[in-house]
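Structures follow.
Same chain, two partners: chain A is paired with chain B first, then with chain C.
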Partner chain A sequence: MLTAVGSLAMLGVTFGTLLGIASRYLRVDENPLEAELEALLPGSQCGQCGFAGCKQAASALAAGQAKPTLCPPGGRALAAALAERLGVSVDLSDTEELEPEVAFVNEDICIGCMRCLQDCSSDALVGGPKQIHTVITDICHGCGKCAKVCPTEAIEMRPVPITLANWHWHKPDPRQYMN
Partner chain B sequence: MQEYLLLLVATAVVNNVVLVKFLGLCPFMGTSNKVDTAIGMGMATTFVLTLSAVLAWAIESFLLVPFELAFLRTLTFILVIAAVVQFTEMAVRRISPVLYQTLGIFLPLITTNCAVLGVALLNVQEGHTFVESMLYGFGSALGFSVILVVFAGLRERLALAEVPAAFAGAPIGFVTAGLLSLAFMGFAGMSAG
Partner chain C sequence: MKLFRIRGGVHPEYRKELASEKAIVAMPLPRLLRVPLQQHVGAPAEPVVAIGDTVGKGQLIARAQGAVSAPVHAPTSGAVVDIANLTAPHPSGLPQRTIVIESDGRDAWAELPPPIEDPLSASPREIARRVGECGIVGLGGATFPAAVKLDLRSRHELDILVMNGAECEPYLTCDDRLMRERAPEIIDGVRIMAHALGVDRVIIAIESNKPQALESMTRAAAGVANLSVIGIPTRYPMGSERHLVQALTGRETPARQLTADIGVVVHNVGTAHAVHQAVRYGRPLISRVVTVSGHGVCEPGNVEVPLGTMVSELIAFRGGLTEEAPRLLTGGPMMGQPLPSLDVPVIKGTSGILALTKEETRIQPAQACIRCGSCVSACPVGLVPVDMVALVRKDNLDEAAAAGVMDCISCGSCAYICPAHIPLVQYFNYAKGRLNAIQRDEQKRDRVKRLVEARAARMAKLAEAKRAAMAARKAAAAPPKPDPDSPPAAAQ
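Let's turn to the complex of A and B:
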């Protein structure tokens, strides 16, 4: 028993040490800016910016090949944050503030082809072959990929429904108290 | 010398690890879409397989047998393989970032490539010596790489061929793999080993 535990522990420590040394010699210097930009991006890998994922978008931003306004789900707030981090000025007037949306399956038209399930970047769609699919709205982040692949146009993007869980008071409108 | 050469040919061709023993089919199907990727994967697997076969032999002869710990064999071998794969991943990332990107998840998945564990365990089962273990590992890896590249070439042609809709994509890949396997079964008569 002791020999077994001891020898396995010894092996683990030996390999761990060797790998630790190896990782020092084989370190890849990554651009720290890329990691910071990637942390700012939503990280949902929706691909609406035209890049494969948020990591690729971050490296394009760092290399100056993409505009800070590239991320539709991020909206103005993210564009401003990215521009500030990159030290560039950005014109926010042409970016529209998108309302949060989730996918909605029109059950009359859904044929259960499962194409949307394969494209969903957050596994928010559930359903089986030839069964009507549905959306788990808590997980859906509204990238709209499923709406694009749906062959019967059964999926549409709808504003997030207001429920008891996400309802909140409106912010006070200062104009109301001006006069 | 001749004996070693025979062992190498026997493991690489006659007892081909993929097509005759049916080990390591996941990377065989997964990374054979392009010849370039297949070559990269073949080289990474060759490195891992040879090194882990040697290390597994060393651990078996100097640790497991003297201390009567044969029951820990699978566990320790997996530990060895995981460490070697980690090292390979670091090395590939450093040497060729492009290859690192294309191999993606299949690089860390060499850990669970059953060919790697299979070869290490078969070495023990057959009672191979140090040199034999190394040749067995290298021969298997060579066979794996050659088949991977050949199959990738076939699939590149298949991508351009007119395949009936029902067979397009993965199914025709599986059919081709089966036919390739049948062809390799023909070598079985060539060796007693």
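Let's turn to the complex of A and C:
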């Protein structure tokens, strides 16, 4: 009994020390700025910025190798937030405010090849082999990757539909209000 | 009874006399009824009938989906001829799933649930369930499913039920007429609701510009213990839930909380009438009293309308319109919404259909703000509209939110009082819509982020498993090391 406890304790201490040393030597440089920038980015890993994912984009931003306007889905609001965090000024005049889009599968031409499923980072596409696929609009972040890989061009990007659930009043006509 | 002062408010021209002396009349049954699946706050109902089915009056045609939802019933007997996307009675003019029923002219009831015997000793659950099954929603215009607001006992300490008979919106008289003509039924419904909620006090509050309603309700309530009918000052927006509660009890509902959090539940008097029908006769909510008024309609009045009746038919029933293009509203002139056209149905929340002439509408070109501060003293919530509108105009939405725009109840008092005719409430409605949309986007982004992380983890695991399987296969496929000393069978 005592031996068992003793040997386990020994093992614990040894591995603990080893882990401690290993972590010191194998430490990945966690740049706090990078982490903060990554938290600002959408996190959908869509790759529209040209980097592999949001983490890589954050590193590039931190290293000054990318502009705060790099993220198309983030729009102006994100560009402004990134610029503020980086302490740089940014020209937002030609940052396009993208109309949010979602993928739409044309069921008449979908052949159920499953290629789009593999490319969707948020599992927004559902369907089995040789079955017609469909998009869960609520979690599609509109990156358009699926539309690019679809061999039959069955996937089309459409603006997010306006429904009674998301409609809201537009801004009153400014001409009605002179100040 | 001592009343407490409430903040702000205005005295609009009430113009109730246009319809207040007109007794409730029944609308003749239209041939086609278009019944939308969403007539309430919450998830839309789900159809349980198909095209070609025959239905009886009061038969369930779409069931509630989820905790906050309400079922929909056939307003008359006939056949389901279509389930289609038709224009909603909503300012956007967007389409909505709608069940179309062609009346067979017999108006024959389906088999209804049996009356609840002795409801005042039935279990609160049973009453809430019945009210839910009958599709009853708040008929004051908020259309929140009534059953949810009757089943609050488990989550909140409640002591007072307030019945809202204020009807503070100009023009509207449907609650007034209901209280004058059907007071005993309303009181019965109120008692059932009070029993379900387990409250020990009920206050029925009626604005003092409705003396006949006050009188008939007082008469019907005589002898009922712990129930008082009281007249309250006529002041818009007295009928706003939190203001009514404050005026009656002195308790202030904190921002973004419910009156139930301070022990008070508010229901509309029309809702009590519907509860009476559901509990005593098993009748679902398939019609409602609608005030048709304004100088733009030939014969203003109060009409009991089967839900799903087209507004055009209702207007025709009241003699048609007096001028080419009056301003059409659903609800009252302060908080009501413009109608996209006359070809939309009357739904559970339609308290009024107003056709206002040019002289009646107060749309005038806006001028520059003179910083008079009238809007500040009018705001019943204690906001500073003049500052908020400046922020919203510049789309400074974060700052507008910090200034409290999300607490604005859209009562329109500020816009009403503004001498410069600045469309203040319209700006706030826009800001609230935008801020809600931004919040929805944020929620979506978070959800997507979680899903992306989950997928990445799953993929990594899969790749790991594949690698392990591959390694194992390689190991198995590799020929055993030649060992001259032992026979191959011994190799493991």
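The criterion applied here is as follows: the second predicted complex is superposed on the first by the 146 of 179 C-alpha atoms of A that agree within 3 Å, B and C clash if a C-alpha of one lies under 4 Å from a C-alpha of the other, contacts with A are read in each partner's own complex, and residues count from 1 in each chain.
By our rule, a residue touches a chain if its C-beta (ideal position, glycine included) is under 8 Å from a C-beta of that chain, and two chains touch if they have at least 3 such contacts.
Please read all numbers here as calculations on a predicted model, not as lab measurements.
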Dominant contact partner of chain A by residue count, chain C or chain B: C
Touching partner for A:141 - first (chain B), second (chain C), both, neither: second
Counting only touches as set out at the top, which of chain B and chain C does A:45 meet: first, second, both, neither? second
Which bits of chain A are touching chain C when the two form their complex? 42-45, 100, 121-124, 138-139, 141, 162-164, 166-172, 174, 176-179
Footprint of chain A on chain C - complex, ascending: 38, 88, 90-92, 94, 96, 365-369, 392-393, 395, 422-423, 426-427, 429-430, 432-434, 436-437, 440-441, 444-445, 447-449, 451-456
Touching chain B in the complex, chain A uses residues 3-4, 7-8, 11-12, 15, 18-19, 22-23, 26-28
In their shared complex, at which residues does chain B touch chain A? 59, 63, 67, 69, 71-72, 75-76, 79-80, 83, 86-87, 90-91, 93-94, 97
